[in-house]
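Structures follow.
Okay, so chain A shows up in both of these, paired with chain B first and chain C after.
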Partner chain A sequence: MPAERWRQWPLALTLAFCVAGLIPVTARLFEASMQAHLLVQMPLLAFCGGYWVSRSERLQAWLERADPSGGVALVLGSGWLIYWMLPLNLDLATFDPSVRLLKVLTVPVLLGATLTWSWRQLGPVGRGVMLMEGWAILVRLGWIYLISPVQLCSNYLIGDQQRTGSLLLGLALISAALAAIWGVFGPFRKTDRCQPE
Partner chain B sequence: MSSRTALSMALALCLVGGLLWQRTAGFSAFTYETWRQSQVVRQRPPVSDWRLQDDQGKVVRLSDWGEQVLLVSFIFTRCTSVCGALGVRYRQLQRAMEATGSKRVRLLSVSIDPAHDTPERLAEYRSRFGGARTSWTIARPADEQTLSTLISETGLRVIPDRTGGFAHSDSLHWIRDGRLVRISAWTDPALEGLLTDAG
Partner chain C sequence: MTASELEYATPDTQRTPVVKLYLGIGLLVFAGLMLVGALMRAAQGATTISIGPEVFYQLMTLHGAGMVGTAGLAALAVNWYFLSKYVRLNQKIFLGTLVLSLVAVVMIVGSILIGKFAAGWTFLYPLPATSLGLWSKGAALTFVGGLLLLGVAFLLVYLDMGIAIVRRYGSIARALGLPMLFGREPIDPTHPPAVVASAMVLIVNVAGIAAGAIVLIMTILHLIYPPLAPDALLMKNLIYFFGHVFINATIYSAVIAVYEILPLYARRPWTVSRPFLAAWLAVTLMVLAVYPHHLLMDFAMPSWMAIMGQILSYTSGIPVLVVTAFSGLMLVYRSGIRWDAASSLLVLSLFGWAVGIVPAVIDGMINVNLVMHNTLWVPGHFHFYLLLGLLPMVLGFASYLSANGQQGRTGRVGAMVYAVGATLLCLSFLVSGALSVPRRFAVHEESWQWLGDVGALSGGIVLVGTLMIAVPILLKLPRARLASISESG
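Take a look at the complex of A and B:
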């Protein structure tokens, strides 16, 4: 069915993006600057995994049996997020082919897919914690990269590092503003939901 | 939360914790530079007999130093940042060696920019600090092959910066009996002890 097949193109696109992270020519495009590596390639790899989870009903059925609460996925996802935030791993992925392979294979699955699944399974409090923690990570990491007098990645110049730090803090600022707007006008208003019984 | 879920979460925590532990050498190395240091202490990787050309144009080899501990730092003469500090530090260590008469340690500065750093330029670098040649050798890799060999053997990362120079590690590489035995910061106070300690 051509119509059915046509609908597969986003899936093909995500797979192509992952493969592009392995082909030296395209991999170097993403790894050339710290900003592209940490703020474009990594989030997009994670997004690919998240997309697979939200797209595949078979995968969801399997996850429903394996991890109905989303707790295991949350532990795996946040642990793997910490793993790939280390300057060491960012560095190694740019010149050690085995670490690059590990990145492309595991960031979509162990970071993107897991965090997406736990987000789907968690209640509002859990989601709030995830959002707050995600925001805190942006601030912490951005602040460290911005003020560190030491070049933390051997492969990226300190100017690159500081620009990445500023961008992370900028993202934190934007998300804080969005969260504030959501908090004031969104579904958390007392009048909307918390009516006395 | 069922006990099965709790157990699975604990296992998942052990898994990612174990992977983190393994990568960071026991939660101690979070940057490539510190990781390289911990790997060297563990593996003591062998280094080949580098062919270098010193600031008098003479070819020297790593094996010429025999059993002496060689402190190797990497520099380039156009460098405006840490290479100057490294030179000052080497002169300071050299003075300490002269004061004690110790022959245990020798100093070696290797240029990572051999195309530009001719023996004359290396001699000019020395003249900035005024160290004698006897215990401090300043040299460049004798050929391109040696440059890439010493970079891969030490795990050094050299990346071009925006001013035509390079960003590179300022650590000191301890080489003894053809092995890289330690990488330490140039500010490491243990270096003074190394000059005189026996063994």
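Take a look at the complex of A and C:
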């Protein structure tokens, strides 16, 4: 069945990215610049974990038993996000094979999967707080990378760091504009409730 | 109320208890902080009270942060109470906001009274980190952390309000009445002004809190790691965007009390119209863009921002004020209104709001600002705006809900004492400003001291008036049936 075959894709995708992150040739592609490392590889790995959770019914059933509120997942995911936001850890992952392995194995599970699960379980207010905090992290991190007087990573030069900062701020600006349009004019679907009383 | 309105409205049993808590705590804190304010003015006067510069700046920080936070919470109570008539709000989130805010208050008060933090409520970067030994890094971190927690608390309730509005009205834009304003839908006279005002407050305050979330964390990071030094002017812009929007939103939240209660007295409806909707859209945009008028003294600011700040100072707030004040007067005119504590305070608030804006417009002119900005003219403006605009709205709301406005002779006299004291206090600031008396000076020259004495005396009168209104309310509040507002008009 084609539909059944589609169900296996998330796992395959996750494995593919994990393996690509471990093979030196492909890993170097992702880790060559700070932008690619932070803004391409890390989100891709996290996305794989999130995609896996949203597609795997077995995993959902297990999580429903283990963490029905999504609170534990939120704490774990936020903690792991903070850990990987520290430039030191990003730096270590570029030359220490054990840290690279840790990144490839845990970012999909402990960051992508956990935050996706908590997003699914949280109410709209909790989701709003997550979105707002996520946006604020983009700005703060971008600003710090841009103004930091010292080179934060030994493997990425200060110019690379500042370019990453600018990209993060640009991303925050675009997402703020989109969020403002969606927040004021959204959710862009006609329901019976939006008819005048 | 129609059946569909009842379907969306928050059940009455859930609307009242937490609002009582907000009002009770708010009134007590307001009275306490008024005492602090009077003490500060007395210290600037010729009286024997001498508190010393260090304590003065601690009290100034406490008075500023406390009044802004309490004004925010009290105005939120007004907003939440009336919005909950039209949409289904979550009482637990409203309570959670109060609890988080109280924790924030403990952090802020602790950082000031124990940690001796005294950088003012504006925590202007890099002052929190350069205390010259007057306060510790921990005190500054606790103060800024408290403000951050307060922002999170407000964000929670605003998200809940936004979601409830979208559920009923489809989008925030529809709640603001944009399709009616631009002719895509006919004017719906039953569309509540309270919903329009709530939509505006949501838009501006969420944007303000977002800016606050960034600038507060950057301040914390700078405190922890001083070499990380963000651009001071950008930080100041963010701080004033956050602060300006937050304090402005308080009056736009509290004015809902005028829209909802005054029609019950006048027995005439307050309906939305195209000018009303246009005014609220204009103020939504202008409140977000006018904040550079706080930075006219900063020569490094781009000229276009200073010019924008000046021009928008003329226009910001005026559309809604004109529409509200004019409609309010038309509503009251020959209506046979019953003058009691609540109605007097609500009409007084329109006067305070209208007149309180005038000193701001004057000070918003670049050339005037260069002379007046660091004088007591500015506290004259915001005391007028808040003491005679915002606070009477809150007191009028509390009086109406706890006692149906009927506080007898004490209430009426209390409102009069309050009005006289508050006007005198504001004039003492404005006259001081006109005489070039500087602001934020702990000790005043001998020739300025009589104004400090007048300020302290009038502050005392305001406190007496507040207590005359608030004490009977506080006594009745636990047993008051707040939800009776809809039937009692």
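Basically, the second predicted complex is superposed on the first by the 175 of 197 C-alpha atoms of A that agree within 3 Å, B and C clash if a C-alpha of one lies under 4 Å from a C-alpha of the other, contacts with A are read in each partner's own complex, and residues count from 1 in each chain.
The working rule: contacts are C-beta pairs under 8 Å (C-beta built on N, C-alpha and C of every residue); 3 or more make two chains touch, one makes a residue touch a chain.
Please read all numbers here as calculations on a predicted model, not as lab measurements.
Participant: Between chain B (first) and chain C (second), which, if any, makes contact with A:Gly183: first, second, both or neither?
Facilitator: second
Participant: In the overlaid three-chain picture, which partner chain does A:Val19 touch, first (chain B) or second (chain C), both, or neither?
Facilitator: neither
Participant: After superposition on the shared chain, which partner residues are touched by A:Leu101: those of chain B (first), chain C (second), both, or neither?
Facilitator: Neither partner.
Participant: Could you say whether A:Met132 touches chain B, chain C, both of them, or neither, answering first, second, both or neither?
Facilitator: A:Met132 contacts chain C only, not chain B.
Participant: With the two structures laid over each other on chain A, which partner does A:Ala61 touch: chain B (first), chain C (second), both, or neither?
Facilitator: In the superposition, A:Ala61 contacts neither chain B nor chain C.
Participant: State whether A:Gly79 touches chain B only (first), chain C only (second), both chains, or neither.
Facilitator: In the superposition, A:Gly79 touches chain B alone.
Participant: Using the touch definition from the top, say if A:Asp91 reaches chain B (first), chain C (second), both or neither.
Facilitator: first
Participant: Does chain B (first) or chain C (second) touch A:Val40, or do both, or does neither?
Facilitator: Neither chain B nor chain C is touched by A:Val40.
Participant: Tell me the contact category for A:Leu173 with respect to chain B and chain C: first, second, both or neither.
Facilitator: The answer is neither, since A:Leu173 touches no partner chain.
Participant: Counting contacts the way the document defines them, which residues of chain A are shared by the two interfaces, the one with chain B and the one with chain C?
Facilitator: none
Participant: Please give the residue numbers of chain A that touch chain B in the complex, ascending.
Facilitator: Interface residues on the chain A side: 67-69, 71-72, 75-76, 79-80, 82-83, 86-89, 91-92, 95, 151-159.
Participant: Please output the residues of chain B touching chain A within their complex, sorted ascending.
Facilitator: Going through chain B, the ones touching chain A are 1, 5, 8-9, 12-13, 15-17, 19-20, 23-24, 29-35, 157, 159, 161-162, 167, 169.
Participant: Name, in rising order, each residue of chain A that touches chain C in their complex.
Facilitator: Listed in rising order, the residues are 124-125, 128-129, 132-133, 135-136, 139-140, 143-144, 147-150, 176, 180, 183-187, 190-191, 193-194, 196-197.
Participant: In the complex, go through chain C and note every residue touching chain A.
Facilitator: Contacts found on chain C: 2, 4-5, 90, 93, 152, 155-156, 159-160, 162-163, 166-174, 176, 185, 188, 190-191, 203, 206-207, 209-210, 213-214, 217-218, 221, 227-231.
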